[in-house]
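One structure is given here, and the rest of the page talks about it.
By letter and in written order, the chains are A, B and C; residue numbering begins at 1 in each of them.
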Amino acid sequence: MIQIKNVHKSFDDLAVLKGINLTVNKGEALSIIGGSGSGKSTLLYCINAIESIQQGQILVDDIDVHASHTNQDKLRQKLGMVFQQWNAFPHLTVLENAALAPRIVKKMRKEEAIEIAKKELIHVGLGDKLDMYPTKMSGGQQQRLAIARALAMRPDYMLFDEITSALDPELVGEVLDTLRMLRDDGITMICVTHEIAFAREVSDTVAYFHQGVIEEIGPPEQVISNPQKQTTQHFLRKVL
Amino acid sequence: MGLSLFTPLSWNDAGFILTGIWNTVIISLVAILVGTLLGLIVGFIRSASNQLVNALLGSILDVLRSVPLIIQLILFSTYVGAIGHPLPPFAAGSIILSLYAMAFMSEVFRGGFNSVPPSMPLAARALGMNAWQTIIYIRLPIGLRTVFPSWLGVALSVIKDSALVSVIGYMELLRTSEQLISRTQQPLEILIGVGIFYFLISYPLSLYGKHIERKMAL
Amino acid sequence: MDYEFHWSIVWRHMPEMLQGAFVTLHVSVLSMLIGILIATPLAIAKLNHNKFFSPIATVWVEIARNTPGLFQIYMAYFGLGALGIHLSPYVAVLCALAFVNTGYLTETFRGGFQSIPKTQYSAAKSLGMSRFQSYRHIILPQMFRRIYHPMTNQFIWAILMSSLGILVGMNELSGETQRLQSLSFRTLEFFIVAAVMYFIITKLVLLSTALIARKLFKGEI
């Protein structure tokens, strides 16, 4: 379970998160929507301890993410994260990309790491690209590689930060299909996304972020199909 | 009157010339090796540290690059002699040539490290890698991927500049040939031979560097 | 062990040191001008694949780039001497510097020219410019921006390499320093001052070329 309790975060004097409260249970899918600058990506960075917070608390399976005694490297093994920019490591093949972290972080035997990496890569449909270098692949394929690479760490939670927004439109579909598949596998995930239709389809809960606060939260039928707040209605009219 | 001060070049000089060649090769290799290692460390520190450290290191390197190598060699070997710890030419020459190589190589490596998009180490950290693992497995290999041609360029210039170590008495190829010239009075033949030697080392390697560069551009 | 520095003798010879620095600048500037003059036609020959001059340019470039500076100076001084062409130390160093500058600048010019995208010609033509006009107003100004920085580097390199004049008894900064220290044996003092002077010279050159660039390119680089 991920618990976010009254989290405040600012960059210098710019307040980005102003008291966020959220809970994501095992097996749930949460989508976060909202305009740029609403703080939605920052929240993911805070959950993954890439960014610090000024106030409040984030608990991942009851581990306090920002407590000084927390081993954040260890904690990140619980949290798989995929970024907007597909960060395929250009000096490694597709298979090596996915097998590296299990081998050096989880100290698996090489064969075991390769086994797991292969399985995840086949799962996201890259089984025929194992020995390729990622620079030769499309953005959609590289993004699927990034997903498999994160999954190979067998994380308990997946964090997706606008993973389709840097893709050419014709490549968005294949990545969303991969996410749907993970959803069917029952993986717990938080998706920051611009794909409203996708959010409606896969999420248990949708949160609309506006200027650092959660303006509206609830099941997609409510937040997306029947928004209560004016700001939400306004936002949805613009993007739909 | 039949006696001549000068004796022409002969096969007996081959051993002498080979020693000169060997000395050139060995001091170049030492300087390239040490310069690369130090350059890697300094280049990485510069790419990873704050502006103050950077400016400090940068100005030291700047001095090494802005004072002619020949002056550095004379100064250093005179200095260690003056304070009572004279060094043999090979040691003094290796130290200065290595530092000189470091000054240029650290710039090459720094450029490489700076070219790694910051999102790469971020992604590595998100996978649970610690700071050291991120350096060893991600930043170093990605940063070094593209710098080979520039590194090779510096290495080749170190080989050529090694000729200057002759001023502090190191018997490398050019000084060897200088002595042969004063004995044989055949400067043209000997110098052309020396030129061909450097060319044969430098030209193929520079072609190889260009080839790699072109391959990387694709 | 302690070494006692005596600086007064260096100050006494400062006028000669400055004179040496002037010769250093002098020979470097001249070698750059000669280099630019010869490299321009050579680069054009290479770009046009001129049957006769293009191979000459290639050989020139490769010899200049793949042999040591000291070798080139020895060739000009001792090598040509053996052919009966006796050059003064100044002229020998000037020739060697100009030879190398030509080699590197030929490549710089060629690369700078090739880096201008072909679409720039088409764009200029589509605006109705003549061939001469497109070169004068579109191609050459862009090329000049790209070769300016490498040319500055080459100039700095020439200043540093001219220090090899010390080995053929030239009276530039290093040679002059060598002569002066041999009169008093204050080797360290004289060469430290020479090192500082080289540092200042290169910084002043970089500063002035940067100022000129700002004037010429109005903040575009």
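The rule we apply is simple: a residue touches a chain if its C-beta (ideal position, glycine included) is under 8 Å from a C-beta of that chain, and two chains touch if they have at least 3 such contacts.
If you're wondering where the values come from, they're calculated on a predicted model, not measured in any experiment.
Once CA atoms are averaged chain by chain and compared with the all-protein CA average, the nearest chain turns out to be B. Chain centre most remote from that of subunit C: A (centre = mean of CA atoms). Computed centre separation for the pair subunit B/subunit C is 21 angstrom, with centres defined by C-alpha atoms. Centroids built from CA atoms put subunit B at 47 Å from subunit A.
For this pair, subunit A with subunit C, the centres built from the Cα atoms lie 56 Å apart.
Subunit B contributes residues 63, 66-72, 74-75, 78-79, 82-85, 156, 160-161, 163-164, 166-167, 174, 178, 181, 186-188, 191-192, 194-195, 198-199, 202-203, 206 to its touches with subunit C in the complex.
Within the complex formed with subunit B, the subunit A residues making contact are 48, 50, 73-74, 76-77, 79-81, 83, 85, 87, 89-91, 100-101, 104-106, 146, 149-150, 153. Those residues of subunit C lying in contact with subunit B across their complex are 1-3, 62-63, 65-71, 74-75, 78-79, 81-83, 156, 160-161, 163-164, 166-167, 174, 187-188, 191-192, 194-195, 198-199, 202-203. Interface of subunit B with subunit A (complex): residues 117, 119-120, 122-130, 133, 137-138, 141-142, 145.
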